[in-house]
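Chain lettering (A, B and C) follows the sequence in which the chains are written, and residue indices restart at 1 in each chain.
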Amino acid sequence: MAALRYAGVSVGYDRTPVLTHVDLELRAGQRLILVGPNGAGKSTLIKSVLGLVPVLAGEATVLGESPAAARGRAGYVPQIDTLDADFPVSVRQVVMMGRYRRIGWWRPARPADRRAVAEALELVGLADRAGHRFGTLSGGQRQRVLLARAIAAEPRLLLLDEPFNGVDAVSQEAIVRVLRELSAAGTALVLSTHDLTVARELADLVCLVNGRQWAVGTPGETLTAGKLRSAYGGGLVLVAP
Amino acid sequence: MIEPFTVPFMARALTEILLLAVICGPVSVFVFARRLSFTSDALTHTVFPGVVIGFMAGQLFAGALVAAIVTAVALTLLTAGGRVSDDAATAVLLTAMFSIGVVLVSRRSSYTSDLTSFLFGRLLTVTPRQIAETAVLAVVVLVALAVGARAMVFRTFDPAGAAAAGYRVVWLDLWLNLIVALVVVAAVRAVGTILVVALLIVPAAAARMLTNQLVGMAVVGTVLIAGAGYGGLWASWTASIQYGVALTSASSVVLLLVAAYLLLVPVRLLRRRRRDPVVPERNSAHELVG
Amino acid sequence: MNWWDDALHRATAEVVLAGALAGLVGVQVVLRRLSFFTMALTHATFPGVVAASIIGVNILLGGVVAGGIVALGVAALTRRRGQDASAATGVLLSAGFALGATLVATQSGFSRDLSSFLVGSILTVGPQDLVTTAVALVVVALVLLAGARPLQLIAFDRAGAEAAGVPVARWDIVLLLTLEVVVVTMVPAVGTILAVSLIVAPAAAARLWTDRLWPMTALSVALAVGSGLAGLWVSSRWNVAAGASISLVATALLACSWLAARIRLLPARLAAA
């Protein structure tokens, strides 16, 4: 079963499409990278998979169900700058949020939940920061905490919105390593970026978008000068890798 | 220091305030974190028509409850989207509902004294029955808070993440607005609108300067209310018995709370200088509703 | 008999002047999301007004001083990280109201003053109030006219205005002080609730009809004056509180505008579907 299948999908708000003609298929353990300029619709596409933005046309299947029905089953790592750095919450509490749906409304956290949180923090290399306030960490460390939160929920499909934005080199390396481990364990990954170097290095599949889907395929097929120029318009200056 | 509270009506007033301290400490943490100061202020004004209609029908409590629930739902819907920005919508709902209340009382003869008792409550004439009602509402509020706390913390910290995890954000917002509304209903008759607004806003804002933990904020907030409640009642008693000055107990409690807030501002500054790295400011002074 | 000797005539003139004043500044309040700050200002000027009347100086002076302290206090408290503006505004609102109430309580005639502070007593405005409101109207109109371009830039694109070299912080202070002058002028005559209502509701309604600043301002002024006159008529016709009926008319106008905006957008929505 495909983790994610989009056929001729348009997504957008208020019946106004932001992104059209999306055709994708992602299997367990594959890494899909969404590439496109700012405002291309990458975040909107991710939110449509999460069931937060409606699918206006076409057929979308997420983990075997419609995105709305699958809501809560796919993991999500938001952009760090959308969060309030001043919020009085510890790193451990943030990662525990990934377990909240399992814990439910009434029950206190169980040892299994605490173990999952500790393991997720260990995986992203921040076990020693568990007691710190979230806002005192650097941008890259915060991004890794959010990744740990998503891992603690043990999703089969994980979506990351610009995980490398404003992230230092050490954290970027740590995130890339964790993502490789996750897909080796069978998690399907979708992440957006406008960093073509990371895309080439990490992707099994690349989806090139800007208002519509321009190309989909392996990095070698899609990240060509011609296809990038058509997706980005005339403004793109390509630097040879 | 204990002697004033051997008088039964003073003991009842203190009991009422302590009950409110137990619920307002935790609730104010959410009001602070979700930036619901204006919503709380609005709710205290919008129960007014309910109180007036309830009073005329002899069902004051029910009237306040209905008005509070209606406003909580309306505020949730108004802030969930639309072209009228949420602060303007809140302001208009507040003034409109309050005006309905004023239109209703303005046809009565005891107009101004009704309004005054609504503003200040009748803390010194709290009856055992009112205390029992407050206690019941306090239990309801605490249970509602305990059930929703985790989800509401998640939603407050990261709305998109909470929605992606499958929580219905609008329902969580309604849940919290209803909790605040219940607090207002529990408190407004006894302590008046002025004190309710202060109890919902000031404790957590002051506690935030002492601690970085949500639970710690709730505890400190409760302690602050209890202290200010005791001190305010004692001050108003002493002022009127020994000096013959009419000092309304509700406003002395508020003034003590605000004094605690102002005293804690330097504490916060000192703590930050020692511990936190310098991070650019998030707030402009003029985008006043978050 | 002089036309001005009739209380209803004076109230009519006051409503027109106050409506124009509120409509003018209301557009800025709505665009900059300053509603809660306006509410806090109305409550926080209260102790200043009471204190001034106790020590026997001009009550406007007391209001201006108290309002200035609050505006600067909110600005100072929110400069600190972790003290968000909404909580700081709420604290000052509670403090101002409680302080004012405490001062009032030490005087006689307690509840009468308090209720007129809240809902105003527009039917008892004197010639002095009219002159003050007229002067404030002229001053505020001139300030807003002089600052129209920078304020417009800041309201629609704050970062862009900053980049273009507009002294954003200075204009913010000008705007807050202008708002303070409006509140201090209006509250003694019309009360806090009506002041907030007249400032926010007509401007929010005008915002639903247009995105351009000048038409929005004109419409906002017209709606505010219109609600004032209609509310006054309702009040004298059915003998209900004047301030409350004006505020309800303003709310009704906003509700109608909202419905109309919905209906206007409907064809576009259907076409898109």
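The working rule: contacts are C-beta pairs under 8 Å (C-beta built on N, C-alpha and C of every residue); 3 or more make two chains touch, one makes a residue touch a chain.
These numbers were taken from a predicted model, which means no experiment stands behind them.
Among the chains, the centre nearest to the mean of all shown protein C-alpha atoms is found for B.
Using the average of C-alpha coordinates as each chain's centre, A ends up farthest from chain C.
The centroid of the Cα atoms in chain B and the matching centroid in chain C are 24 Å apart.
A separation of 46 Å divides the Cα centre of chain A from that of chain C. Each chain gets one centre point, the mean of its Cα atoms, and the points for chain A and chain B are 39 Å apart.
Each of residues 208, 279, 282 in chain B touches at least two other chains.
Shared contact sites, meaning residues of chain C that touch two or more other chains, fall at 81-82, 84.
Of all residues in chain A, those that touch two or more other chains are 86.
Those residues of chain B that touch chain A in the shared complex are 33, 147-148, 150-151, 153-154, 156-158, 160-167, 208, 211-214, 217, 275-277, 279, 282. Those residues of chain B whose C-beta lies close enough to touch chain C in the complex are 32, 35-38, 40-41, 45, 82-85, 87-92, 94-96, 98-100, 102-103, 106-107, 111-113, 115-116, 119-120, 194-195, 197-198, 201-202, 204-205, 208-209, 245-248, 250-252, 254-255, 257-258, 261, 265, 268-269, 272, 279, 281-290. For chain C in complex with chain B, the residues that touch the partner chain are 30, 32-39, 74-75, 77-91, 93-95, 97-99, 101-102, 105-106, 110-112, 114-115, 118-119, 158, 172, 175-176, 193-194, 196-197, 200-201, 203-204, 207-208, 239-241, 243-245, 247-248, 250-251, 254, 258, 261. Of all the residues in chain A, the ones that touch chain B in their complex are 47, 50-52, 71-76, 78, 82-90, 93-94, 97-98, 100-101, 103, 105-106, 133, 135-136, 146, 149, 153.
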